[in-house]
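You will see chain A twice below: alongside chain B first, and alongside chain C after that.
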Partner chain A sequence: MRSAKAGAAVALAGGVSAWLFDPEGPRAPSASESDLVTLPDFSVSGLDRKLSIIQGADRVKSLDVALKALGGIEAFVKRGDRVLVKVNAAFATPAILSATTNPDLLAEVCRRCLKAGAASVVVTDNPINDPESCFSLTGLREAAHSAGARVILPRAGFFRPTTVAGGSLIKDWPLLHTPFQGVTRLISIAPVKDHNRSGASMIMKNWYGLLGGRRNIFHQDIHNTIKELAMMVKPTLVILDGTTTMMTNGPTGGSLSDLKATNTLIVSADQVAADAVGATLLGKTVSDLPFILKAVEAGVGTADVESLRPVRASAV
Partner chain B sequence: MSIVTVRRISQVFFLALFLWFCVVSSLGVESWQLRGWPVSWFLQLDPLVALGTILTTGTLYANLLWALVTVILTLILGRFFCGWVCPFGTMHHAVGYLGKRSKTLSEEIAGNRFHPLQSIKFWILVFLLSAGAGSLLALGIRQGFRSSPLLWMVFGGSIVIAALALGGMWGDRRKVGAVLIGLVGFWAATGFVFGGERMIGASLQTGLLDPIPLVYRSVNLALLPLADSSTHVLSVDQRYYEGAWLIGVLFVAALLMNLKIPRFYCRFVCPLGALFGVLARYSLWRIGKACSDCIQCGLCEQDCEGGCEPLGQIRIPDCVLCMNCLDGCKHQIIGYRTAPSASGEIVSPNLSRRGALMALASGVAVIPAVRLGGQLGANWNPGLIRPPGALPEEEFLKRCIKCGQCMRVCPTNIIHPAGFEAGLEGVWTPILNYRIGTSGCQLNCIACGHLCPTAAIRPLTLDEKKGLGTFEPSGPIRVGTAFVDHGRCLPWAMDRPCIVCQENCPVSPKAIFVREHYSTVRAGLVSVKSVARGRIELAERPFRPGEIATGDYFLAREGLQDGNRSLILENSEGAVTVQANGHAVPEPGEKVHVQVRLQRPQVDPSRCIGCGICEHECPVSGRRAIRVTAENESRSRRGSLLL
Partner chain C sequence: MKPRVNRTESAVGLLILLSLLGICIWVYERQSRFDPSVLVVTAPQQAVPERPASAPTIESPFQSLISERLSPLGAPEQFGAETLSEKINGKAELYLSSGFVSLQCQRFAKGEGGRAWLEIFVYEMGDSSGAFSVFSSQRRAEGEEVDLTRFAYRTANALFLAHGKDYVEIVGSEEALIEEILAIGKRFVDARPLAGGETGELGVFPPDGLDPASITLLSANVFGYEKLDDTYTAMYTSGKSKLMAFVSRRESSDEAANMAAAYERFLLDNGGSLIESRLNIPGVRVIQLFDMVEIFFNKGERLAGVHEADDRDAAEDLAMMLYGSLP
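Here is the complex of A and B:
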């Protein structure tokens, strides 16, 4: 009996060893292609060359005029669409300092999407400062909630690796992906800000907030990085808020003296054109901002604003 | 409803309340987050916190007045706090039940017998309080020496006692030697305290073992982060606390001891229980026997939580008022009443005068000993960054009870329990760590000081923190200063553009500014072969296509001044295309430099507040290329940097 037990134990140990035997040992770590995710194309065909540039100090009125000129939000958001709004919530500063997306503008956009029949609107960003504080202090959380939208704060598990097709920098890099599940429309709302490294932080730079990991290493080649971000994301509509422009001390600002009233709201389906218009608010030209030229070269959009025949109007 | 049921309801209620306070101690807009809940209330009820800070600072801070309620109730009722309120006591109580399940009646009774070592808690109490009382003693002695009548009285008294003692020596008295030695010791100690006053200090160490700070610390820093790690209901992402493993291990060890001896911590260790024990001798109501016709069945000691022997002479300082003996006594002899027990009672703690003196002396002596490292003087640790509003280090150590409330509430999770960074006496006091967490210290956040129960971190207003309004002359609160490590910084050491730190600096104007510098890249001195409309063919082929076309590289003619550089728009291996710039077009055969435009970060110490956002964001992710140390912190002049 005892020898039977011993025999069984030997057989079990031998079997387990044979089963788990690994003569090669672990290989060098490598990214498996199958894990990679990419974002779908959110643009609406036929409407991708729409641009309106509206003058006015009241964002909500400007937005109304801008959208009317483009055929209304209904042209972009249909009944049953699930909308994701990418805001710039980078810093835990109050809305009045204009370092982040304006909450009134966000609320108005969310309301209009829902009114147009959107099934859901989620608002997200992976900010630089503490996410919870950012969304609270900027007023963006309250604005989203008041309009009936949902805020998704980034968590470690929400990021999946992505590689930008045709790019060379953003490779196997964590992308804020979970909030995009089921999303059919993407709207970006960003303020116009001074940015020392890239020259300006507007719509294309705003996609930086979709990256995770220790993304700051991308600052070494900021212009190509912004180009690749623009290649990575094909939005439905972008809203570049130049009602107040941060002229100095960007992108954090921190003082009202860093701001200037420039009274311009740019609503566009072409993100490059939006940035090209925004550059003028900072007193810059397209050639001052290499990332715009690079994005044009990559075929993301056009910097020849007039070729889009923009609607210019005043909302007073 | 029996009194024991009422006690259980009370225990469950206060434990639930405590856990609720732990849960809501977080910033946010959810209904279950901070909404004016008195989350530090248990700490404020704790008379050991109040007494400790009174000894160290001579004041009773704001809501610590709540401790008076506990003291008064204890003087009326006895150690009710231990048996009815204390959340840590309730946890011990519950774990103790588990330990009892397999025991026989006689084993249970034996386990609840009084143990002489239960007096250790009184030693601990005296030791911890006297560690905080050093400067008070020194002050008292100094005042004594200042007022000469008092000095002469003590001196005269000493001579009389010495004479009597010497006289008694012929009478062969046993205590005489001890009295003489005591007098010599007293005068020697007085001389030491008076002369060594600079070393004698007050350091509040009660929080190490005081059960209320201990249970706050353990639940908030160890239990909640673990419990929430899979659900993330309480925090958006995982909370981390450096060294929390030790806090957790001690907590679990204290709880597991109950399996061996019920309420082990309360009986042997708890300094708060010891303090209540001292007060309980004056309490009006006590447990005791009504008459002496007791058959000594021993059932009253079956579930006795305090190990206070209600069967014989009840030990009032050890009785935690669990009331189990009332339920256990089948003859209704034991009651809770104002008359003393019929079988007698022991009202004073089991602590000899000699023991108390020894604990006192070692408590007073231990602080100068741990300060021998000089960390409060020239050897101060620049890595010790305290939260904004923290008092100067000496004052801070007089108040901090290591409860961890600041660490719990910090929205960015950058406040951590210190190891030995603040010396032995600073274990588990708050220290900032800018690598863990979600950002640096947020400019518009003042949460930590508002939760601090003892004002070791002062409650600041936003105006004071940011140096606005009436605080403009003194400027913002600084917790340290950022220093750029030129050996690690990408633009300084590696010719790579970056300036993430400058961008993220939250103050306006930014404390980090940049100096532009053009640096000729490695293999960047090249000769021009031919020039045609902005396209320049090179003799060498040192570059990968696109490598120097990122918008940061320029072609510069040798020997020419600034302004004669042109931006490189495109490059192949052996050719570059540059933006048109009349003066900068080189001639064939000329040597030209390929230069990278760097913006090198500089810190303006008059603007830097040490918030550490730059350190948190620095892309050199291991040992950061910009790091904050405590130089120039507002709270002390010791490390001031500027004129």
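Here is the complex of A and C:
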């Protein structure tokens, strides 16, 4: 009798399990869902005024010095955190042209996050060119995988509409949102580049890669758009790579002669301050780049770099 | 005899059943939650659906240009005015303002593994002036002239040239590809003989002191004045002075005169002051703008002059030469 009851219980459990089992798994949220989304605040309380400016030609060494100066990556990434790294993978160009995030720097950041105990590190961007080619030909896919991180390529269903609070341009616009699900820390890594429309492409402009749709219309009011992008995202940490700067013909470049060895790595929790330092590598001031002052006025950060008491050091 | 079950055993049994129920509910809830770090990465090779997948069988427009050492790294792509920004993003405006018509491009790999590769870009502009405009405005100072067309130079990893109404870039992933790149450029030019007569305005600049490689065509918003377009500029050396001469051909002599008057108003509205001319040029304007001087005049269909010169004497000499060289 007992055996019969046990057998019946097992059969019942098996039946219910089979009934509840979903062989396809859940689907990504549909783009047709009209609920607006916003990104959470990924900044770490008390660390928002950190800035280090490191001189050196070796990105890995510069990163090491920069992070130590800020208390180590462990100050920003804790055990169990799920980290998203937003790279600039805009173009399907070789790494030597510096139009995209440097793969060695990406790999090192991912490794350090995982070493600090991050539960996962994902790398994403919505490139200008076809995503598959961009992540492959730039070397970013291989770099991420070699460091134990995962690459999430954008798909149509990954976008949800967003509106920037206090903004006037980014309204009900598709945002690359799905890769952020479960994420607790956000790090941006971008190169310093000249830009034909905005004058410079650095950290704040890098958030452009989170937008979907026919986003090129935003180039008509590029400075206010970059300001709103900065208002949209509150990162944990930003890494502005001025080891090699694209001085001319940005944002695509194309020739090694567009590049200059400026040997500077900027690591900060304040994205505006990082861009203010980056501007100097292009031979510009913050007044040459209206989006920086607009971001300051919007309360995103400060362009008064010295007020952050930056750590300046050499990694040579 | 029926075994007895005491209360403790019943409680433990109930606890186990409740635990199992809790686990079932948890599993059920978790499986319905989308986790991109798990579900996406299992299929990272998928393309973005809304972007057209390029069929590998599409015939390459560059097939006749490449050697047998190269093989396609992707299908050819084509972009029009509406889609150009999907390829070059923020640089699209530079081309659109210069009469852009279409872009054809394709990547080719050399050898196994695809580590060494190059990409050919052929921008069809509306006319040779448009091609020269985008060529000249992006010219790299370190570029080394190449004897392919009148307007061609190479850098360590790339070739840039204007040929008729085409502007061509061939960009390599490494410096070792440069010979392959130059060979492609030569085949491109050889396959498209020109009738001649392109960019005729280049000849109006007087040769003394001219840096021929500096000639640039600005298509829009010239010197910050939005009404002034299609203007050639050229750099001159006079002693220790560097000077910029400019020439803009208008539709008629009346329009050239109107543009000169409008440009004068623009400069005066922006802090300039008219000063007396020492030049024997009819209708010449000399405007002091902070520490610099702007000299310009209209002759026939052309507005011409010297822009923002630090050295007034040298600027006046160049203005006289320029006036003399214009038809």
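Definition applied: the second predicted complex is superposed on the first by the 282 of 316 C-alpha atoms of A that agree within 3 Å, B and C clash if a C-alpha of one lies under 4 Å from a C-alpha of the other, contacts with A are read in each partner's own complex, and residues count from 1 in each chain.
Basically, a residue touches a chain if its C-beta (ideal position, glycine included) is under 8 Å from a C-beta of that chain, and two chains touch if they have at least 3 such contacts.
Just so you know, these numbers come straight off a predicted model, no measurement behind them.
Enquirer: For the combined arrangement obtained by superposing on chain A, do chain B and chain C clash, or do they fit?
Expert: clash
Enquirer: Answer with first, second, both or neither: which of chain B and chain C does A:P251 touch in the superposed model?
Expert: Once the two structures are laid over each other on A, A:P251 reaches both partners.
Enquirer: Would you check which partner chain A:K171 touches, where first means chain B only, second means chain C only, and both and neither mean what they say?
Expert: A:K171 sits against neither chain B nor chain C.
Enquirer: Using the touch definition from the top, say if A:P290 reaches chain B (first), chain C (second), both or neither.
Expert: First partner only, chain B.
Enquirer: If you stack the two complexes on chain A, which partner ends up touching A:V122: first (chain B), second (chain C), both, or neither?
Expert: Touch status of A:V122: second partner only.
Enquirer: Looking at A:R312, would you say it contacts chain B, chain C, both, or neither? Reply first, second, both or neither.
Expert: A:R312 sits against neither chain B nor chain C.
Enquirer: Now for A:E142: first (chain B), second (chain C), both, or neither, which partner does it touch?
Expert: first
Enquirer: A:D221 in the overlay: touching chain B, chain C, both, or neither? Say first, second, both or neither.
Expert: first
Enquirer: Examine A:L153 and indicate which partner it touches, taking first as chain B and second as chain C; both and neither are also allowed.
Expert: A:L153: touches chain B and chain C.
Enquirer: With both complexes superposed on chain A, which partner does A:K78 reach: first (chain B), second (chain C), both or neither?
Expert: Neither: A:K78 stays clear of chain B and chain C.
Enquirer: Among the options 477-485, 567-575 or 585-593, identify the stretch of chain B whose C-alpha atoms clash with chain C after superposing on A.
Expert: Stretch flagged for C-alpha clashes with chain C: 477-485.
Enquirer: Shared contact residues on chain A, chain B side and chain C side combined as an intersection?
Expert: In chain A, residues 91-94, 128-133, 137, 141, 153-156, 195-197, 216, 219, 222, 248-252, 254-255, 257-258 are touched by chain B and also by chain C.
Enquirer: Once bound in the complex, which stretches of chain A touch chain C?
Expert: Interface residues on chain A, with respect to chain C: 16-17, 20, 22, 25-29, 82, 90-94, 96-97, 120, 122, 128-133, 137, 141, 150-156, 158, 178-179, 181-182, 195-198, 201, 216, 219, 222, 248-252, 254-258.
Enquirer: How about chain B: which of its residues touch chain A in the complex?
Expert: The contact residues of chain B facing chain A are 27-29, 232, 236-238, 411-412, 437-439, 442-445, 490, 496-500, 502-510, 514, 546, 550-552, 567, 569, 579, 599, 613, 617-619, 621.
Enquirer: Over in the complex, which chain A residues touch chain B? Could you list them?
Expert: Result: residues 91-94, 128-133, 136-137, 141-142, 153-156, 168, 195-197, 214, 216-217, 219-224, 248-255, 257-258, 287, 290-291, 293-294 of chain A touch chain B.
Enquirer: What residues of chain C sit close enough to touch chain A in their complex?
Expert: Per the touch definition, chain C meets chain A at residues 24, 28, 31-37, 39-41, 44-51, 74, 85-94, 107, 117, 119, 138, 140-143, 155-158, 160, 169, 171, 173-175.
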